[in-house]
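One chain, chain A, appears in both complexes that follow, with chain B as partner in the first and chain C in the second.
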Partner chain A sequence: MRFQLAALSLRRHASRTLLAALGVAVSAAMLLDMVMLATGMRQSFASLLGRNGFTVRVSPRGTLPFDTEATIGQARAATAAISRIPGVTAVAPVLGTTVHVLGGRDAVTAFALGVDPAVQGDYQVLEGVDPVGNALVASDALLRATGARIGDTLDVAVGFDPQLRTYTGRRRVAVSGRARFTYLSADDRAAGLPLATVQAMGGADRADRVSLFMVRTAPNVDPEAARVAIERALPRVTALSTAGAVAEAENRLSYFRQLAFILGAVSLIVGFLLVTTIVTVSVNERIGEIAIMRAIGVSRIHVVEQIVIEGIALSLAGAAVGLVLGVFTARWLNSILRGFPGLPDAIDFFLFQPNSAFRALALLVASGIAAGIYPAWRAASLPISATLREEAVG
Partner chain B sequence: MSGQPILLVRDAHRDYPRSGDPVHAVRGVSLDVTPGEYVAIVGPSGCGKSTLLNLLGAIDRPTTGSVTIGGTAVSTLPDKAATHFRLTNIGFVFQRFYLLPVLTAQENIELPMAEAKVRLTERRERARELLGYVGLAARADHRPAELSGGEQQRVAIARALANRPIVLLADEPTGELDARTGGDVIALFDRLNREGMTIVVVTHDEKLAGAARRVIHMLDGRVIRDEPLLRRA
Partner chain C sequence: MLALLVVMAALTARAASAQRIDSIPPWKAEVRTIAIDERLAADAGLRVGDLVVLAHEPGSASGDTVRISAVLQRRADPSEVARSEYRIRTHLGQLQELIGYGDRVDRYAIETTGGAAADTALRRINALAFGFRAYPSREIAVETSKTFLVVSRFHRAIGMITIVASATFLLCIMLLKVDERRRDVAAMRLMGISRATVIRTVMLESSFVALLGSLFGVGLGFAVSAFVNAHYQAAYRTPLRFAIVTPGTVTYSVLLSLVLGIGAGALAARRLSRTPPLTLFGR
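Up next, the complex of A and B:
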């Protein structure tokens, strides 16, 4: 009968109950969004880095991958040295450079990656084939900008001499395919070419040099151990495991987490106060009824239970609506934030993770229970005779 | 009707703390009520009648002295035990009826039985039986707001009888009723007493007091006169 009484008490002031549940829903949605924001970037960044099984990134000493234009020399020897480290199953050298596609009225500038197509993890061919020799795969944005199609030949240069106003490192390159670049945004103009081609176009400055090695390790090997071994074998590089990269990213984005934590805590407190207020108001209206229930023999714990059930019902209803509201809000906010230029397609700011979401909502419901206990216990503990006397006078 | 007292009050005092001197609501009251008695407690407002009734019903405790109901010293019972004792041994009727407005008449009667863990079918049956007893069988599904004052009080009486109490305590049960509906309640109490129910009422209503078999007069927290009335034919 406690459940029936709780439900009837909530129905007694239906509009107030509805508004309170909506308030809790907004609070739950905000809490959920903050939880998604706090964990989403880290998770989606970790997932992005973990794609294709590459677990260690090797860049010039003191730099992060593509943080600077610095390169690693004696790339072939370095590749061989890394390959010899136990547990390393593949080494993918990458040389990044800016390229200019000539031929139109204005040159189209793009970012090019020189890779070994056999082991690369930077792009996926959507149409056509991997580039061999003087060929490239291009992003949709680059194809749109140049008007090129698969099979066309482009006039591509890797440098521009402003004094002579001439392009350097020019080469005619065939478009062998259309590709999606994993670490770039969909709007980035990008091309993937064989590493040897990019090195050759760069002349002596780029000969046998790479910007980065991506290293794949065996599943039973700790990437951190491989990272240490790589740095020991090649003193002029900095190796970064995926976990390290995630930690580094987390460090750089710590303000996001702090913001999310603070706003999440505020949401929780607001939800708690809302339920406390509603339950307190409801209890104060029913002091006489509660005293009468106690007088006719309803135990204090049962009175408390009935009122706490009301708090739980409000919190649960709010949490359920908040879950839906939170997911929709997160999607909307995510679409706005993903519009920032240069962000990889795969990065999500708000990532729905059922465990985190349900933990957050469980916390909200728990706070709803806590919110109901105090006013309920206070009401159930009032002296019965004095309360009835006051009610009779009132 | 005679025998061992069902209610025993011995030198009960009830003081309420107040800044300055405490209020002495009940001062050294002793009385016995035997099973089947119909007692009215009368006196001017503020003389301690309702406080004494609360002591008799174990919803308040004497500051000193003792209250024993059906052999149980209720004045020393901890809250949980006192609550259970009220549930199973005492029926309360209040001036303002105090039915739960969200429940129907039948559900209000079922409430103490549900609390006493009476099975659903049994309590439904008992509630209907009690509604029939107080003449409201047709009003089972009505909420208090849909009932007249007299009907609400009769439902409250049915609720008080739900767990078959050993004593029925009523605080000004006709106080908010007009003469006709008050008369219905008086008749109902009379019928209950004739069927063996021990009843103690606190009242200003001369008709109700006159229906009792014994009248206790109080003044300033003390019993000043305790007189049996002649049994009516």
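Up next, the complex of A and C:
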């Protein structure tokens, strides 16, 4: 009965109901998008860093991995020292540098990673094999830029002497495979080479030096404890656990999180105001009708319930449409933010997480319920006879 | 003494890009001087005149004792938002010596008289100088502003969604507002007032409500932008203004709300005027 009356009341002003539901839907979509933005970045970044099981990153003291050109010296000794720490199962040294692929009219510049192919976590070989000796695996973008294919040999240098106008650290390197680089964007020209090759090409400046270590710990070991142990064993490094790295990234992207919070709150308020206004006006229009219901013995709580059901129906309809609308707009917004230069392919700003999404929409529906309670209670509490008289005269 | 790790110090002898907020005369400095940014000054409790040790690595024995001669205010630079590193300015030779950089620099900034002179200088440097590559500032600006273009596109998209949401809200409210006048409209029609006059009256009223709402909205917009600026400026410790209410924004918002308000009013008034007065009375 209550549901039927609520449905009739909403149907009586179909265009108004439709418009209100649409308003709630847009608010719900915005709220959903902002929840996806606030939680998605963290989840996406944590998932990226957690790939391959590396839980701690070690970089030169006071820097973040690849934040500067600073390197860690005595890399072999450092690798051994980290490996001795209880709970550490693998240490992957990485040396980052810029390489120039020569041969064409203009040299093609690329980002190169010197790694130990046996333990590295920076790329996945899509075709071919891991590099050994004077060999490299290249990203699709680098292969496109150089026109090279697997099996070809490239003339590669790591430096340029501006005085002599000659390339330094030059050697011929075979393309052993095609790879996807985990922490780089699809448009980045990148190459993976054996660490020893990159160090040798860099000369004395790069001998026995690395940019960072990636450390894998046993599943039952707290990465934070390993991090502390590494910093204690190597005073000239900064060790960062995945949780710490996620917190650091969150700090750098906090603008988006705060924007998401502000806009999410605004969406919730707008949705609440919209439902409140619609229900209040609807109740004011039906004061006489409500007084008659009360006069023929319909209980106050029954009247309140019927009006609250109207608010819930509006919110639910809006939330359902908003869910679909929100997913589509999130895709659109995500495609815009994915235009950030150098953003790793695996990073998404908007990530649909059912729990967070449904909690947000439940909050909107709850605000719709709250929006209906006051006008409903006020209408149900009006003096019956005076209201009937006023309505009859007015 | 405080040992400072020089991480991001720029190799430049010019510190003109930041505003000096406190300084001591150079002739009073008996050791070499540096300038630090206000964030470092606040966090490390440093003041003009303090002596500090600069080293290129933490705990390095070969540090250089210097005196802080100025505290610099950060520029309103979007690229510095959410970056937590500190900045210091040293003399070029001092930094080259400190980090063992030799007689080298990362880049030169060249001032020209502008216009064709810039292009001529660019051509001559690229043709004559060994191993140098000169770029026009505008080219560098395009490259470095890609991040902000993305942020700007994102803001525009969010703005579009917000406009759709507020337009729906506004339409809803205006329709309800006009709908509330059904009894008055009925009375006017029964008194013999023409349909056109009724429509004009209702539209005038809705325009007035829309205008009043717009003015209130503009005030609210100023207040919210002040709050947003205060919040983000404190959070990121930057003088950058994050939200700016421009005359263009105000004009656009007011026009949009007026158009929507008047449109909704016209729509509802037309519907009301076509409904028989007794039906409007509920009889």
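The working rule: the second predicted complex is superposed on the first by the 394 of 394 C-alpha atoms of A that agree within 3 Å, B and C clash if a C-alpha of one lies under 4 Å from a C-alpha of the other, contacts with A are read in each partner's own complex, and residues count from 1 in each chain.
Methods note: a residue touches a chain if its C-beta (ideal position, glycine included) is under 8 Å from a C-beta of that chain, and two chains touch if they have at least 3 such contacts.
Everything quoted here is computed from the prediction, not taken from an experiment.
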item	value
First, second, both or neither for A:Ile296, with chain B first and chain C second	first
Which of chain B and chain C A:Val270 touches, first, second, both or neither	second
Chain B versus chain C as contact partner of A:Leu5, first or second or both or neither	first
Which superposed partner A:Asn251 touches (first chain B, second chain C, both, neither)	second
First, second, both or neither for A:Leu22, with chain B first and chain C second	second
Superposition-derived comparison: chain B or chain C, residues of chain A touched	C
Residues of chain A contacting chain B in one complex and chain C in the other	none
Contact set on chain C toward chain A in their complex	5, 7-8, 57-59, 81-84, 130-132, 146-147, 149-150, 153-154, 157-158, 161-162, 164-166, 168-169, 171-173, 175-176, 179-180, 183, 228, 231-232, 235-236
Residue ranges of chain B touching chain A (in the complex, touch as defined)	50-51, 54, 57, 59-60, 79-80, 83-88, 90, 92, 94-96, 98, 100-103, 107, 110-112, 114-116, 159-160, 163
Contact footprint of chain C on chain A as seen in their complex	13, 15-16, 19-20, 22-23, 26-27, 29-30, 33, 61-63, 68, 160-163, 165, 235-236, 251-255, 258-259, 262-263, 267, 270, 273-274, 277-278, 281, 284, 329, 332-333, 336-337, 339-341, 394
Of all residues in chain A, those that touch chain B in their complex	1, 4-5, 8-9, 11-12, 288-289, 292-300, 302, 383-385, 388-389, 391-392
